[in-house]
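By letter and in written order, the chains are A, B, C, D and E; residue numbering begins at 1 in each of them.
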Amino acid sequence: MSDDVVFPLLGVFLFGVGFAAFVGRRHLLWKIIAVNVMASGVSVLLLTLPRRAGEGVDPVPQAMVLTGIVVMVAATALALALAVRLAGLSPGDGRHRHTRE
Amino acid sequence: MSMALHGFALFLLLNVTAGLVRIARGPTAPDRMLAAQLFGTTGVAILLVLAEALDVRALRDVALVFALLAAVLAVAFVKRGRVSDHARRNRA
Amino acid sequence: MAFDVALCVLVAGLALRLLTTRDLFEAVILFVSFGLALALVWVRIGAVDVALAEVALGAGVTGALLVNARRRLEQKAPEWLEAAHYRPAAAVLPALCGAFAGVAGLVALTAPRAVQPLAPRILERVPDAAATNPVTAVLLDFRAYDTLLEIGVLVAGITAVWALERGRPAVPPAATAEDEPVLAELVRWIVPLTVMTAIYLTWLGAYEPGGAFQAGALLAGAGVLMLASGFLRPYAPHSPVLRTVVAAGLFVFAAAALATVFAEGALLRYPAAGGYVWVLAIEAVLTVSIAAILAEFFVDVPSAPQQASGEQR
Amino acid sequence: MMDLLVLLLLACGGFFFLAGTVGLLRFPDVLTRIHTLTKADNLGLGFTVLALALLADSWIVRAKLVLIWLLVIGATATTGHLIARAGLEARDGLEGRDETGLEARDGARLGAGDH
Amino acid sequence: MSDILSPDVLLPAVVLVPLLGAAVAVASARAAAATAVITALLTAAIAVLLGRAVVAGGAVTHAAGAWGAPLGIEMHADGVAVLLLVVTAAIGICITVYATSYFRPIFEDEEDRGVRFFWPLWLLIWAALNAIFVATDLFNLYVCLELLTLPAVAMVALDGDREAVAAATRYLLLSIAGSLLFLLGVAIVYSGSGTLALAAIRESGMDARAAATALTLMTTGLAVKAALVPLHVWLPPAHAGAPAPGSAVLSGLVVKAAFIIVLRLWTEAFPGSLLAPGADLLGVLGAIAVLWGSLLALRQQRVKLVIAYSTVAQVGYLFLVFPLLLEAPGPAWSGTMYHLLSHALAKAALFLAAGAMLRAMGSDRLDDIAGVGQKLPMTFAAFGIAGLNLAGMPPSGGFIGKWLLLTAALSSGQWWWAVVIAIGSLLAAAYVLLVLRAAFLQPRARPLRHQPPWQLTAPALALALLSVVLGVWAEPPLLLLGATAPDLAP
């Protein structure tokens, strides 16, 4: 019985703290980590919410979570690339295209 | 036997939880790497035990993947984790 | 069960520490550990396919990506590690957001389940699908259209990263076995085994947990190992070979979709006789493309060690 | 009889895993921690694998178990070696040991963060 | 074998063809431009043919894998979807022509302008847009949204200056968070209804409280992507920082795609009884967006920023539909969709025109374009005509959209929305005139650094004229829209 509650609770917790950290932390890398924690929370909920006692796992949410994981990897890689690029540019770099004197 | 295996899995999990304190405490990066290493080895053990206890063959494949990739993080850390010329220049 | 509760406490604790620590390296290690602990959660929930993907990605690509990004940040902008960047925003908004999420989650938790769930209806039809593993059947048959678009997302991701890394520096010279005898020995053993396991997982996916994503992520892990240790030189950024391999998965999958629209009258409806062969062929190409894309994320985000970082551009 | 043996092996495995964790937490520096951890954990996993091999119903499963064990040993040995080298330099505090391509000193210091 | 021109082939092809084109454009940098042009022509032709088929034979449904909902995913093209596909095709052709010239280096210090990445990114965005317009499945929409977001973010960062990269980063992070809110909503819906098909959710007898929660989560997540005030902060720097053809896609279409999803969730997936409580809030936020966005547009010094803030305002109009739908569904629905379509054309035209100014003068600051109106007649003609749309003046399509919205507001007795619409139109006229005044009434003209070729001027003018055609030739589109007005009976 408690089984049916403990994992969904974990999902809610992960999503909540992830969301709070996403808003609350300024550092880009932690924002990126925070959305990943949020995504984990959603995945847990996707898998456990539809579950009923005594049944196997629904394959549809499993497929959704797999898709979601891959999407998150792509998004994370892009976010990291952006962060790294941003760190390498000082204010005013490459602005000539819009404000050529 | 299933009870014993479940109990053993729980023991391993608690063991690894304790070991993770080292990640938080550090103090150096290699210490933290070690704690992750502990997680890797114990994780493999937990997966193998659960595979037997739950009778799910596929978990051994998960453990196999785990074992195959156990070195990736450490290698990435040692070979690419080192710090910049910038820091060195600042120190000089 | 005690194990589940302990596991949840562990995952929750890891997440808390991960999100509150101020040490970037600790966060990287915690993030990887978090992923591995999560894999145990998937195991306990019974989602072995997901566990396999989580382990393959978490132990291989994700951690390495973060390690690299951290190093590049330190190179390019050490001030990012200084205190100003760690100043938290006002506490009210995060608290509100967390509470909002919490309330929404609790409503979801207490809401009644569907009167007519989908799972039994899907499981009933799996024998008609092109794979006997229900998850693979959903991914490559029932909801294959989603998977096709998802490969598009991966290709979009790598194209985007490439676009950001225009004019990236030259690749470093390859390492030799003399430089790193121990590592060389490990690579010599691990890589062939990984390739074999990846082939096995691709093939296995039709029947049991496994499939293109898991195999691709595993293969990418081996790629990252070789790239990081210097035994594999990254391809030149825009080498035609690399680009072709990256695009092949999307191209083959989309072409198969178009072909089935013409031949079978519906997108990715496989021919009655050879559905299994179609799925296997698509999965094989996808595995290679996914592996190439994931490994290429690693090459690009950090790229090679630079001699004179900071001054470039 | 068989069950007893399995339980015994599991207990041994558990003991070594515990020893590894205690070592990781209590030992004074990186190098000693590496030694205990890699050795103890590999032994612990070895006993566990042995126990599971007794329970296994086919030789394929046993072979897989042993393969996994060997892989983990190989991985920990290599990473232990690499981390040790990094840790050594962190301890010695040598400047610019470039012949190994390592500058883990900085990694260590930055890794230590603000503790 | 199916007939190549049967709607059952055209419907999936409208998504698959740009995807295939993108794959080829990724694989071969050399063939990317040619691939993109061919793909654009093909996709546009498919969209038009599909439109003809739907006009002639009614809505088309295609069941992927022949499973049918709820087991599999269905694509559905009705009147609205077809209008969106055709307008997207028109914009798509123009942008493709424009981009063949826009990225050519002309200034001495310009190196690689990233055009070889523009093509695959643009085709992926097009595929994602088309996929969203014909989607009928919640999770499918999530994947489409991600397929839309990643290339859109890359598009913003393509020019590579710091502001653009910072804007792209913010856009990506907010967007991911929005997607995850959406996905949490999907989890709740799936658990409570046992289906992901939009139409089936309503009939599933899902718990009302859970449905309301899911709808709130998904609307919030999408509001980020649609840049509804107060979640709009990422938009102006992102849309102004992207290269002009990218800005045109982002402002003209990408933002609207998120809105379309919100609208379809509210009208198709969930019962009308859920509409009432949240509708006024969305309307108020929309009204704030109209006023605040317009006021900020007036204060900008760069043409692209003026246009970007104008997008914030114009998106606001779209959200006025929610309070109006309940009382006056017919005109509210048609008016909003009409506004959306004509604004998509006009906004794309404006950004393309701004890009031509940028290429001609090397800057889009109001000071720098002072007095150049006569030297760039085509460009400023496009700007002026598209500006008519924003101000809602006849004979533009924007006039019809706003007129219908006004009708809906007044006939349902909610005169306050009418006031907002009127003030917003006046402000829009003001910021368009601000740009035109700088270009025509200020004396000190600088020499053109570069005479923009026809590829940079004709597409903008064509789109601007199309937005007027939409105003003059309004009956057929309105008929199509009327046939698809939502049924909100509780």
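By our rule, a contact is a pair of C-beta atoms (placed from the backbone, for glycine too) under 8 Å apart; a residue touches a chain by one contact, two chains touch by 3 or more.
All of these numbers come straight from a predicted model, not from anything done at the bench.
**Q** Go through the assembly and pull out the chains touching subunit B as well as subunit E.
**A** Chains touching both subunit B and subunit E: C.
**Q** Out of curiosity, which chains are bumping into both subunit C and subunit D?
**A** Touches both subunit C and subunit D: B.
**Q** Through how few touching steps can subunit A be joined to subunit E?
**A** The fewest touching-chain steps linking subunit A to subunit E number 1.
**Q** Name the chain whose C-alpha centroid is most distant from the C-alpha centroid of subunit E.
**A** It is D whose centre lies farthest from that of subunit E.
**Q** Could you grab the centroid distance between subunit B and subunit D? Build each centroid from C-alpha atoms only and quote it in angstrom.
**A** Going by mean C-alpha positions, subunit B sits 9 Å from subunit D.
**Q** What whole-Å value do you get for the distance between subunit A and subunit C if each is reduced to the mean of its CA atoms?
**A** Their C-alpha centroids are separated by 13 Å.
**Q** Mind checking the centre-to-centre distance between subunit D and subunit E? Centres are C-alpha means, answer in whole Å.
**A** The answer is 55 Å.
**Q** From the C-alpha centre of subunit B to that of subunit C, how far is it in Å?
**A** 18
**Q** Can you tell me which residues of subunit C touch two or more of the remaining chains?
**A** 1, 21, 23-26, 70, 74, 76, 101, 105, 108, 113-114, 117-118, 122, 142-143, 146, 150, 153, 156-157, 160, 164, 183, 186, 190, 193, 302, 310
**Q** Where in subunit D do residues touch two or more other chains at once?
**A** 71, 74-75, 78, 82, 101, 107, 110-113, 115, in rising order.
**Q** Which positions in subunit B are in touch with at least two other chains?
**A** Only 16, 26, 29, 32-33, 35, 40, 57, 64, 68, 70-71, 75, 77, 79, 81-84, 87 qualify.
**Q** Dump the list of chain pairs that touch, please.
**A** Chains touch in the following pairs: A-C, A-E, B-C, B-D, C-D, C-E.
**Q** Under the stated contact criterion, what part of subunit C meets subunit D in this complex?
**A** 21-26, 74, 81, 179, 182-183, 185-186, 189-190, 193
**Q** Spell out the residues on subunit D that touch subunit C in their complex, using ranges where they run on.
**A** Of all residues in subunit D, those touching subunit C are 71, 74-75, 77-78, 81-82, 101, 107, 110-115.
**Q** Over in the complex, which subunit A residues touch subunit E? Could you list them?
**A** 15, 19, 22, 28, 31-32, 35, 38-39, 41-42, 45-46, 49-50, 60-61, 64, 67-68, 71-72, 74-75, 78-79, 82-83, 85-86, 89-100
**Q** List the residues on subunit E that touch subunit A in their complex, please.
**A** 107, 109-110, 139, 142-143, 146, 149-150, 153-154, 157, 159-163, 165-166, 168-169, 172-173, 176-177, 180, 183-184, 186-188, 190-191, 194, 196, 302, 304, 358, 362-365
**Q** Hey, which residues of subunit C end up touching subunit B in the complex?
**A** By the definition above, subunit C touches subunit B via 1-3, 6-7, 9-10, 13-14, 17, 21, 23, 25-26, 29-30, 32-33, 36-37, 39-40, 43, 48, 51-52, 55-56, 59-60, 63-64, 67-68, 70-71, 74-76, 78, 183, 186, 190, 193-194, 197, 201, 204, 208-210, 214, 218, 221-222, 224-225, 228-230, 302, 305-310.
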